[in-house]
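In what follows, subunit A forms one complex with subunit B and a second complex with subunit C.
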Partner chain A sequence: MDIITYKNFSWRYSGYKGWTLHNINLSIKKGEFIGIIGKIGSGRTTFCSSMLGLIPHFYPGTMQGEIIINGLNVKKSKIADLSKCVGLAFQSPANQLTGAGTTVEEELAFGLQNLGVPYEEMHKRVDDMLNLIGLEKFRKRSPFELSGGQQQKVAIASVLIMNPNILVLDEPTSQLDPLGTEQVFDLIKKLSKTGITIMISTNNVDYLSRFADRIILFDNKIVKIDTPKKILTDINLLKKHSLTHSNITEVSLRLKKMNLSKKELAIDFAELKKEIEEIMK
Partner chain B sequence: MTPIISAKKICFEYFKGIKVLKNINFEINKGEVVAIIGQNGSGKTTLVKHFNGLLSPTKGEIIVKGEPTLNKTVAQLSRISGYVFQNPDDQIFNSVVEKEVAFGPSNIGLKGKELKDRVNNALNLVGLFEKRKMHPLDLDLNQKKLVAIASMIAMKPDLLMLDEPTTGQDHAGLIRVENLINELRKDYTVIIISHDMNLVSRVASRIVMMCEGEILFDGEPKKAFTKNALLKKTYLKPPVITELAQSLKGFKKDILTVDEFMEDLMRIKKKKK
Partner chain C sequence: MASNILLSYVHKDSYFHKIDPSTKLLITVLVILLTFILKNYIHIMILLLFIFPIGIKSKVLRMVFRPVSQLFLIFILLFIIQGLFYPLATDKLMDLPFGFTLWKDGLINAANVGSRLLVMMVFGFWFVLTTHPGDLVSSLRKIGLPNALGYIMITTLQMIPRIQSQMKTIIDAQKSRGLETTGNLIKKFKSYLPLLGPLFMGSVQQAVEKSMALEARAFSSDCPKTNYRKTTIHLKDKIIMICAVALSIIGVILSWTL
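Here is the complex of A and B:
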């Protein structure tokens, strides 16, 4: 079943001449893990905002076409209704943190309180989430007294705790340390296995190559939708869109150029390791 | 030679009892490019904010170019050490790019041609001269970061401190930042705070690893990325190419680039023949 459908969707912000997104056609199946890539200004954030209905309801502009999310027509639905099934983690934690709670745990509980979740359950979900993101130590601190990366974790957690069907993440790990990034991706992968649909905008190709089912390349329109393998080994295409292939693919490419290997280009660590071990036999 | 910055046994608490820096000793000399790495919340930003007086240590002493900072203002110190914020929106407030860049130098009394030259040079260096009449908020994130960097360059400090200069950048942005650092190193001493191990391994002459308010390692990049237990403790990972080399039999353990990797591969292959 398609959980997300875009039909001839276009969007122009008022005051701007061109379409930020033009003629988007797309269907995503329930439970898919989708990576969203593209250079800065390619419309990725706009696309993320449209799944929650911030576009067209919050930002002024012109919309064409249709978006159906979890059976709801975005144009005809309220953001409040859409947000029951879609969780959106913003790029900048400053935009996410409500400031309504004075502590990290209150911040995490905020959305649940609004839905009237019973106290016991709320407590348990906050505890579990703090544990999951490794911020138990900071539960009584104000989110605004945390470091940039810790704030980003709290912002992501405040979305995850709502148990959305569709989780939309806009550059969720941009400020995280390397292990923090790995933790967040591992967590998202775990959620994905429980049937949640993941839409993640990131240029971290190392992780997308391991986790994504499909990747969408944006450049104010959809340039290509395909498997990580097809997109992340298309070096010229990536270059054209100001993106880069990983060092894994670079080594694999050089092995081919030197006629040491005839395999198709590798995108992940284990794959390349095996390839080299065979060459070295 | 007098170090540009010398931090002696500094401690810092934002709130009583929460020690963010614990007894830090740190020096940086002219011409160095030092990368400070470490997990989120380890005190990296807090440390460098001491170097231009945005923060003062609760204990210990900061010496900037031979003089204690205790009675100096941020305005005086920022002529020596310029800090570029992690989030450019925390820094930028003017409505025209060139005015934003001119703000600092005009505050220290520069006028006329001298001011204009400073601004234009800084904008040229970051590649934004063409956009000088634009509103900074109409720029994309890459470019906003570069405006923030340019406004510090225009102050001509001895030391430039770039906090997460590559956060949220696409590839074009990454390359621009890397080239910029390589350009800056000719005239400036540079500190970068970064989680981008690929960048750090390529540009830093020295790496400082922080963990829970302490410095656990201070030395060459090649040595830093072979200390796996330490990396794990500090929530860091070596660059992917280093990890690959370390996972394969016979390869050197301190490889930092694809070129070095391929060289080593050929060396091992030759030996096998």
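Here is the complex of A and C:
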């Protein structure tokens, strides 16, 4: 069953000449893990915003085509209704914080209050979420006093706690250190096993190669949708879009250049291991 | 920090921190009404006496008076201006040099206004210091406060430090490009003008972003809302409320009959 469908969708911000996104046709099945890559200005954030309806509802511009999310026509639905099934973590975590609560725990509870979640369940979900993101110690602090990385975790958690069917993450690790990045991706991987659909915009190809079912390459239009294997080993394509391949692919590429291996390029550790084992033989 | 005057909730373990916010709000509103209804400044100042037991019991007495001492100058100015220039003055107290006259009814008017201001401030600060904004909104929502208004009440208090830090960022950014912010008053004023544009635009931009963040969390959804913070009106709240109303009525009667 398709949970996200784009039909000939195009978007132009008012005041700009060209289409930021042009003729997007896409269908995504329930439970898929989708990576969104592309250079800066390729329309990734616009694409992410359109899934929650911020585009077209919040930004002035011209829209063509239609978007159906979880059976709702985005153009005809209220953002508040879409937000029950779509969780969007913004690129800048400070923007995600509503200031509706004076502490981290209240900030997390805000969405649940709006959905009318009962008192006991709300407290349980907040406790669980604080545990999950490891910010138990900070529950009584103001979210605005946290570091960028901690804010990012709170921002993602504030969306996650509402149990969306579709989780859209726009550069979720932009302010995190390597360990924090690892934690967030582990969390996302865990979530994707529970059956929710994940759309993640990131140029961290190391992680995408490990986790994504499909990858979409954007350049104001969809350049290519395919498996990570097909996209992340196409080095010329990546270079053309100012992107790099993963370190594992780089090792595999060098082995190939040294004529040690004739297999196709590896994208994850298991493949690379197999390749090296064969060489050792 | 310039936010010394603007007080916010201070967590203390006290009797008045635990009672329902609507009870405290009622007390505060009653006191404010009384300052307008009571006959004169002596009666209003009797109201002030009530803050001492309440303030001590709430463990915030000194904090309640701190901002008052910072506004001391305003009270002095009030007496000078009213004493000298009260437009309805008829009762002369004494002649001053340079043709000024000190009016008795001017001073009485200043005392009325000043005592009213003082009592309102002190009880207002007491209310803010002992009431968690989340509890207040949660309590008021039960008696029909609209969701949006509740959000405004909580977020406003948080906006002030954020705007201050934003101002500092903008000043630093402009200074690093060579803006002079020291010098005499006129020079200072001129140098602060170019800072207002970015600050204002930034705030507008932020408001738009905040509304997106709110919508992303189902803010305008139609379902009935729940509260993260629990507040209940106990029997003791009801007793306090009834006592407060009764005392106020007695106070008004006494003030106008004695």
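Everything that follows uses one rule, which is that the second predicted complex is superposed on the first by the 277 of 281 C-alpha atoms of A that agree within 3 Å, B and C clash if a C-alpha of one lies under 4 Å from a C-alpha of the other, contacts with A are read in each partner's own complex, and residues count from 1 in each chain.
Just so we're on the same page, contacts are C-beta pairs under 8 Å (C-beta built on N, C-alpha and C of every residue); 3 or more make two chains touch, one makes a residue touch a chain.
Because the structure is a prediction, the values reported are computed rather than measured.
Of the two partner chains placed by the overlay, only subunit B lies in contact with A:248; subunit C stays clear of it.
Touch criterion met: A:280 reaches subunit B, while subunit C stays clear of it. Legend: residue contacts after superposition of the two complexes on their common chain; A:13 is shown touching neither subunit B nor subunit C. In the superposed model, A:153 makes contact with subunit B only, not with subunit C.
With both structures placed on the common chain, the touch criterion links A:84 to subunit C but leaves subunit B unconnected. When the shared chain is aligned, subunit C comes close enough to touch A:106, but subunit B does not. When both complexes are aligned on chain A by C-alpha atoms, no subunit A residue touches subunit B in the first and subunit C in the second.
For subunit C in complex with subunit A, the residues that touch the partner chain are 9, 132-134, 147, 151, 154-155, 157-159, 161-162, 208-230. Those residues of subunit A that touch subunit B in the complex are listed here as 38-41, 91-92, 94, 145-150, 152-153, 171, 174-182, 203, 206, 238, 242-244, 246-248, 250-251, 254, 269, 272-273, 276-277, 279-280. Taken in their complex, subunit B has these residues touching subunit A: 14-15, 38-42, 45, 86-87, 89, 140-142, 164, 167-174, 195, 197-198, 232, 235-237, 239-241, 243-244, 247-250, 258, 261-262, 265, 268-269, 272.
If you check the complex, the residues on subunit A that touch subunit C are 52, 54, 58, 78-81, 83-84, 87-88, 90, 95-102, 105-106, 109-119, 122-123, 126, 142, 144, 158-159, 162.
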